[in-house]
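You will see chain A twice below: alongside chain B first, and alongside chain C after that.
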Partner chain A sequence: MQAMLRDPKVQLALLLLPGVGYLLVFFGGPLVSALIGSLRLDDSSFTLQWYERIFTRATMLRGLKTSIYYGVAPVFVSLVVSVPLALLIRQSFWGRKLFNGLYKLPMAVPGIIVALMVIILAERGGFIDRVIAPFGLSLPKLVRDEWGIGVILASVWKQIPFMTLIITSAFAGIPEDIRHAARSLGASRLSTFVFVEVPLAMPGITAAILLTFIGSMGSYAIPDIVGPPSPRPLSVLMIFEFNEGRFAQVYAMGMVLSLFAVAVLLAYYALTANIGVSRTKGDE
Partner chain B sequence: MTARLLAIAALALSATTAPVHSAETNLKNLDFDISKVTRENFYDIVVPAAKAEGTVTMYNFAGSFGDAWKELITRFEAKYGIKVEYSDVKGAQANQQLIAVQKAGEDAPVDAYFAGGGDYPLLSSAGVVGNVPLTTILPNMNNYDPALAQSLFGKPHGGAYPLVHLNQTAIGYDSAFVKPGDLPKTFDELLAWAEKNPMRLGVTLPSKGGSGGGFIYSVALNYLTGECRTTLTDYTLTAEQATDWAMASECLEPVWDYYRKLLGVAELTNGNADTLNLINNQQLYMGTVWEDQVMTFIRDKQLPETFRLTLLENGQVGSGDAFFIPANAKHVASALLLIDMAIGKDFQAWKLENKASRSPRTDLSSDLITPETAKYLLPANVYPRLSAPAFWDMSKALGEALDEKVLSQ
Partner chain C sequence: MSELEISNITKDYGATRALHPVSVNVEQGEFVTILGPSGCGKSTLLRILMGIARPSAGEIRLAGARIDPLPPEARDIAMVFQSYALFPHMSVGKNLAFGLRMKNVPKPERARRIEHALEICNLTGLVERMPRQLSGGQQQRVALARAIVMQPQLLLFDEPLSNLDAKLRDTLRQELVDLHRRIGATSIYVTHDQAEAMAMSDRIVVMDGGRVVEVGTPLDLYRAPTRAFTAGFLGQTNLITADADGDRARLPWGQIVVLSAPAKGTVRVSVRPETIAIQQDEAGVGTVTSVSFMGAHALYTVGIAGTTLKVSQAGTESLIAAGNRVSLAFNGPLHLLVERKLQEAA
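And then the complex of A and B:
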């Protein structure tokens, strides 16, 4: 027994067991179970009908597109805000410590609270509308609007601190010497930022993009409460199907959403791998 | 001769004491012989058994009914000294929980469940509903509406799934903006009003609120005739059959046409409360609503005092919610007592006045309502005359087909 434990392969397996075992039991197990469930009828016979429904029913197809839209759009908006915010946080200014603590608050607010906040504040005839009405002003339609602007803004409000936190860490990880070297070689502040700092921070930025995308695409409360009644994203349609007791359909929709998340993850790995290669080439 | 007389007397005696409904029960945890319980001996048998149990767990699926059940529980605990463990639940999830528990053969986590009237087909097909002829053995159900006593929306339940609350979908409007002369009386007039007042009518998305589900079925009832209407009202259809028909049938073209026109000039909302909220914000002047939910909103000052209700000609869907005992309930006797009190005249009258909750009792009428409450209820010239029975599986099917045929095109 002791001899076996001294075997490096056994030691490696034992060391990996907690992490890999956890993943197998709590991620792989449910995933395989959902996959099997999505391919079965009530009498346990094989079927692809639940996937066929997703790709042939107009409601489902629009749901899939809407899920991707609600995943991608907040990422772009959050990125535009988070990168400058991350740079600002690096600077020294009055009240920085307070700001540094306050900007993270939305992360602690659950999605459903954010959705209800939007309903109370930004609904037509809501709080903000009543405040600005005496000045002859009114808010544009942000709740149940066709383009889901309210959903995107609510998601952005919730995701910006998270994205900023990761991007700030990514920029903080770049040695000051590199920036100084670029500046001393004649690069402007902007060039240094665009051609030196951003590429070096790219692994952190892409990680933030990936996590924000997955979080936004799978969110339920915000699109359900703030979004238009139609189209509804797959996450909202999944709850509807669950309530109807159509579990096989829920599994199939979950598998499709997971597939997209995995595809994005693979794209992330491909992108970050290329960044690594160019950095290595640059080092050479 | 004497023997014959004795036999007849014994037969007559057994006929008066034996339960009217003698089908075998599927209740798993019984400490007393429920087949011997009748309306006459109910309290003699059930009260001691319930006191021995000492506690009863109740689920409530209707968020707006919390205060009503609090009132019932206070009365129940004071009268019987039996503790009520109360939980608000999300109906769909609680249903799935009970179905899973039933499949596993485990004890149910609830003894008396206030569930949606439309949930009966799902729950009964999964064997969740305890086969107890409540409408036959509960003393307080002796004045129960015979039309609802044995079946619900066309599905026989043998008295095991009795409605204890009736509700009505309706058209709600703010009378400050809608004058009596402009009030639509038919579905065509409603469309004309919406065209004249763009984006001032709110229509709840059927899959997100019962007032929308009721409305789409009411529209179909209004426009379908002949064989199409026969299928529309065929309660023997399963949910799957109803969905297949709604997705494929050309019968429903008038309904889709109506919705295409209506949604071009009306606001589609995310739920019953969403519609009412927009009316309260004065963004909408009229919308699809539930009568009892309106009363809750009025009492909470979430709707203006000028809010009023009406029904459209040819009828709008009326429904209700039921109390039942799950087959695997642990405290059956206490659950029986609780349901008996819930359908009692005192509590039903309180519920009518405070919650605009109509009663399936035949001895309770709108006359008992105070004038202050009555003005927020449906007027006597439209209710119950224009109340049409619900068929929720068909309503859901129409809602799904609406998504596919109109909203996603």
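And then the complex of A and C:
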């Protein structure tokens, strides 16, 4: 026993165990069992029928598209708000400190509360509708609407703080001298932003996109409460299948969602592989 | 008319004044160093020249045209940063092309200029490299090439050598001097390193506490500084109080010396250690308190009339041991320091 512990290979394995072991047991395990579960019939024979259903059934296909739509659309809207917001926070203005603290609050609010808030505020006959009614105005259908505007609103509300936080620090990580160098080489503020700051902040921006995309694509509460009755995203359909007891189908849908997440992750690595702010300081 | 005219530039941060009215003229093709300790206002002045800080008052003219209200990109000025400030996501070639692209220089012209800049900065063959694949010295040469490729009316250097190790610093300093001789760009070089300033500059602007203390060629400022601050900052010196009458003065220990200019009453003079001749003399008034042999010269500390003097003796065959009495002789007339600085230097 003592001798075995002195073996460097055993030592290495033991040292890696808490990290790698954790990942294997709590991440790899469920993933593998879901993969096996998704490829099985009740009599344990191999099948691809659960995957076939996802890619052939109309509700499932629309569910897949809706999932992607609920993942992508809020990211775009959030990005359009977060980037200018991140630039604004960098400036000094009156009340900046207060704003800096307040804008992060939505991160702490659970999705289900956000969904309910959107219903109370934006539904027809809701708060905003009643406020603008005396002026002869009325809200268009925003909740449970065909385009999922309510879902996008709720996701965006929840994502903006997180995205802004990451993007702010991505911009803050760019040394001031580099910005000044660009300006002194003839680049306007805008050109400096487009050609120097955005490329250098790209790893942070794509990380923010990735995390919010995966978060909203997989979210259940928001599309279930404020989304239209049809089409439903895969996450909502999964719960439906789960309640029906078709676990193999749930596994297969989970695998497809995970596959998308992995694809996005790989795209992220490919995009950011060439960008490195790190500098080697050595002499010839 | 000078190429660059800085007139009465001031900078206030709230109630604190970082720059008192500063006026400096730089001639076409001149290499001028702004020298001073940290916090002397040299970096503030550089930021104002570059356009990333606005002066509180005063004006700057470059080739006759006023530039102080212009944003950095509208000035024909390029800068070499202490931190190199290379664009880490662009190759060496793209770093060099960036400014030319921004200023809409036509492509064939761009290629020609980049080629030339790479060649004179010893960077040929590195054009495809990313900045992170380069050593510190190479990175600083890329930063230099990126500035000279712009062929600016004015080149600014912000302590470009201070992030490099001593040996590389000497090499690059020599390269910079050679380069300046070849391209002849009007240059302003900011540093706190007096050796660098003296080795490279046509003229030095000595700054302290947000003011210009003195301007002159390295030789003049070293040999005959008019301010105690300059004398002390540029190398070692002895500040001696003397009693002047005409072009003669009496030192505290009674020795009579010749002054460079006539004066009356109490004056102060700056005497470089190497301009004092030391001789062992049993009847002398000074006593050697310590001696350090430095190789090329020996440095003595001599106690005399209650003060200590530093004396440097070059090419000596034998050393005078501590405790021996010595006499001192002053070669040439002594240079007076301007009175106004008496209190400040104390």
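Following the convention adopted for this analysis, the second predicted complex is superposed on the first by the 257 of 284 C-alpha atoms of A that agree within 3 Å, B and C clash if a C-alpha of one lies under 4 Å from a C-alpha of the other, contacts with A are read in each partner's own complex, and residues count from 1 in each chain.
We adopt the following convention: a residue touches a chain if its C-beta (ideal position, glycine included) is under 8 Å from a C-beta of that chain, and two chains touch if they have at least 3 such contacts.
For clarity, every value in this text was computed on a predicted model and none was experimentally measured.
Asks: Mind working out whether A:G95 is in touch with chain B, chain C, both or neither, as first, second, both or neither?
Replies: A:G95: touches no partner chain.
Asks: Per the contact definition in the header, classify A:P140: touching chain B only (first), chain C only (second), both, or neither.
Replies: The answer is neither, since A:P140 touches no partner chain.
Asks: Kindly classify A:V196 by the partners it touches after superposition: chain B alone (first), chain C alone (second), both, or neither?
Replies: second
Asks: Have a look at where A:I119 lands relative to chain B and chain C in the superposition and call it first, second, both or neither.
Replies: Only chain B; A:I119 stays clear of chain C.
Asks: Kindly classify A:S230 by the partners it touches after superposition: chain B alone (first), chain C alone (second), both, or neither?
Replies: First partner only.
Asks: Thinking of the overlay built on chain A, is A:N243 touched by chain B (first), by chain C (second), by both, or by neither?
Replies: first
Asks: Is A:R57 touching anything from chain B or chain C once the two structures are fitted on A? First, second, both or neither.
Replies: first
Asks: Hey, which residues of chain A end up touching chain C in the complex?
Replies: Those in contact with chain C are residues 175, 177-178, 180-188, 191, 195-196, 199-200, 274-284.
Asks: For the complex, give me every residue of chain B touching chain A.
Replies: Touch list, chain B to chain A: 92-93, 95-96, 99, 122, 205, 207-208, 267-270, 277-278, 280-283, 396, 400, 403-404, 407-409.
Asks: Residues of chain C touching chain A in their complex?
Replies: Within the complex, chain C touches chain A at residues 50-52, 71-73, 75, 77-79, 81-83, 85-89, 98-99, 102-103, 130-139, 146, 150, 163-165, 168.
Asks: Quick one: which bits of chain A touch chain B in the complex? Just the residue numbers, please.
Replies: 57-59, 61-62, 119, 123-126, 129, 144, 224-225, 227-231, 240, 242-245
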